[in-house]
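Here come two complexes built around subunit A, the first alongside subunit B, the second alongside subunit C.
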Partner chain A sequence: MAIARLQVPSTVRAGEAVEVRVLVQHPMETGFRREADGRAVPMNVVHSLVCRLGAVEILRAEFGTGVSANPYLAFWIVPPASGELVVEWVDDAGAKGRVAAPIAVS
Partner chain B sequence: MRAAALLLAAFAAAAFAQEAKRPSPLKPGPEFQSPDVRALQADDFANPGMLWVARGGELWRAPGANGKRCADCHGVDAVSMKGVSARHPRHDPSLGRLTDLSGRIDACRTRYQGGPALARESPDALALEAFVAHQSRGLPVKVSTEGPARAAFERGRALYFTRVGQLNLACTHCHDERWGRTLLAESISQGHATGWPAYRLEWQSLGSLHRRLRACFFGVRAQQPAAGSEDLLALELYLAGRAGGLAVEVPGVRR
Partner chain C sequence: MSRRLFLQVAGGLAAGAALPAAAQANRILPVQDIAPLIEKITGGRPIDKRDVTVELPSLAENGNSVPLRIRVASPMSATDRVTDLHVFAERNPRPLIAAYHFGPAMARAQVDTRIRLAVEQRVFVIASLSGGRFLSGETHVVVTSAACIDEGI
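Presenting the complex of A and B:
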């Protein structure tokens, strides 16, 4: 089970911009490396990551081999309404991850 | 009176020489890192080592092979682990030998949780060690180098000052005599291990001190002692004695 962290203020004033920070534990294997016996290590990166607030898609990211292990994302949003902020991702091995935090807009 | 004071000073100096030879002023690892790496370590959210600490917290609360959790004996919030990492490596009377934190955690797992020992450097071993060591963050390193630990400390000191490898260097040649200077793009630290286990950007992962020490042996083209070997434990003890008073900073971030 991959570990991930999501940081966002739990309460926000309406119209206020807040920073969302995401840290996902993942090896981000490029596919270029080889084992000591010459076998290629198969590529396995988090290829897509989606952030939603309620039903609204806020951010969609597509990653490749250029992103380092344990990717870190930070971005700003102005939450229109209260809801659950959900970040979901899929890697090349098909493993899915999800992390969520509630946001209350007052 | 003055003679007595001088005598006392001489005794103090002699006692100090018995301990480790220490660089002056004592500088922890981050002082030799670039500002961005220092900022990454200081940021408790972005510091990637915190992923291992978080995982270690899960393991702390998860049942072991016989259903017993770490938390059942030591408490859920791990407050009881405060200061434990600052005292390791130490001579453990119940084991009858010198052990580091990861060895001590393994002893707990096999003795009280009925489970197999964790392989050194395995993700779970690193996570638990990081989680336990993190509870001591900010506390000064204070290991015992007396009594049963003395022999290992002297062994560590001997290793520290022995030239090894094709480059024919001892630890002291870089970390006492040339700290603050550079090896190509890298600045040479004083070699205090207060941030380990640390997230090393080169490895893109958290790694143990023994892995880092082995990398040093590799760097001078010497034979590498095995992780968890008596040699590396002794060296770790010597380094901890030498870093005495510096604060634990696990999880550190290093290039």
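Presenting the complex of A and C:
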């Protein structure tokens, strides 16, 4: 289970824009690297990441090998309603991760 | 030997030593043709080179993690909004770095992330707008310590 951080204000005034920041701990192996004994390290990157608030999809991202290790993503949203902000991702090995934070719109 | 002469000689040697390394890196990682990838996004429709700001440090010390901010001048209203961003680096082994698809709750057409850059190159972003229009922007970055070119060197 990958470790991740999701930062977002817990309370938001209606119509206000807030910044969402996500940091996923993942090596983002490019497949170009080799171990000390010469074996190639297979490519394994978080290829897709989705951010949802309730049932509403806010942002979907597809990453290649050009995204740094421990992928970081920040963006601005206007939460349409209170709910749980969920970020989910999948890597090439099929490992899935999820991190969530509640948002209250007042 | 005078200080001035020493500096001139040393500078000449350093420049001479640096050039083949740079040339070699360019030989290993040539500019890849991203036209087919762009074609797939735009379907051959025209791209306006405006309103997309690609913010990168002009000199990146470490290509493994280069902070990138993309901003598109867009009202992000229901009818006039940015729907997708595609980020390219032509001299990376895999030129498509990332794609972002924006839902209706996005407040701004802006994302911040950190990317890998193999060598000094241009980073090119295409923004897809609602209504089938496309904008683009680019920035040139110098990378002193490259990422992901262990192979073959």
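The working rule: the second predicted complex is superposed on the first by the 106 of 106 C-alpha atoms of A that agree within 3 Å, B and C clash if a C-alpha of one lies under 4 Å from a C-alpha of the other, contacts with A are read in each partner's own complex, and residues count from 1 in each chain.
Please note the rule applied: a residue touches a chain if its C-beta (ideal position, glycine included) is under 8 Å from a C-beta of that chain, and two chains touch if they have at least 3 such contacts.
Every value quoted in this text rests on a predicted model; they were computed, and no experiment measured them.
J.: Based on the superposition on subunit A, does the combination of subunit B and subunit C result in a clash or a fit?
T.: On the shared subunit A, the partners fit.
J.: On the A-aligned overlay, A:Phe32 touches which partner chain: subunit B = first, subunit C = second, or both, or neither?
T.: second
J.: Return first, second, both or neither, reflecting whether A:Gln7 touches subunit B, subunit C, both chains, or no partner chain.
T.: It touches subunit B, and subunit C stays clear.
J.: More subunit A residues touched by subunit B or by subunit C?
T.: Of subunit B and subunit C, C contacts more residues of subunit A.
J.: For A:Asn44, is the partner it touches subunit B (first), subunit C (second), both, or none of the two (neither)?
T.: neither
J.: Could you tell me if A:Ser68 is touching subunit B, subunit C, both of them or neither one (first, second, both, neither)?
T.: Both partners, subunit B and subunit C.
J.: Once chain A of both complexes is superposed, is A:Ser82 in touch with subunit B (first), subunit C (second), both, or neither?
T.: Neither: A:Ser82 stays clear of subunit B and subunit C.
J.: In whole Å, how close do subunit B and subunit C get at the C-alpha level once superposed?
T.: The answer is 7 Å, the least C-alpha separation in the overlay.
J.: Which subunit A residues lie in the overlap of the subunit B contact set and the subunit C contact set?
T.: 68-69, 72
J.: So in the complex, the part of subunit B that touches subunit A is made up of which residues?
T.: 45-46, 48, 50-52, 54-55, 58, 204-205
J.: Which positions of subunit A touch subunit B when the two form their complex?
T.: Touching subunit B: residues 3-5, 7, 21, 23, 25, 27-28, 68-70, 72 of subunit A.
J.: In the complex of these two chains, what residues of subunit C are touching subunit A?
T.: Those in contact with subunit A are residues 64-66, 87, 89, 92-108, 110-117, 148-151.
J.: Going by the contact rule at the top, pick out the subunit A residues touching subunit C in the complex.
T.: Per the stated touch rule, the residues are 17-18, 30, 32-34, 53, 56-69, 71-80.
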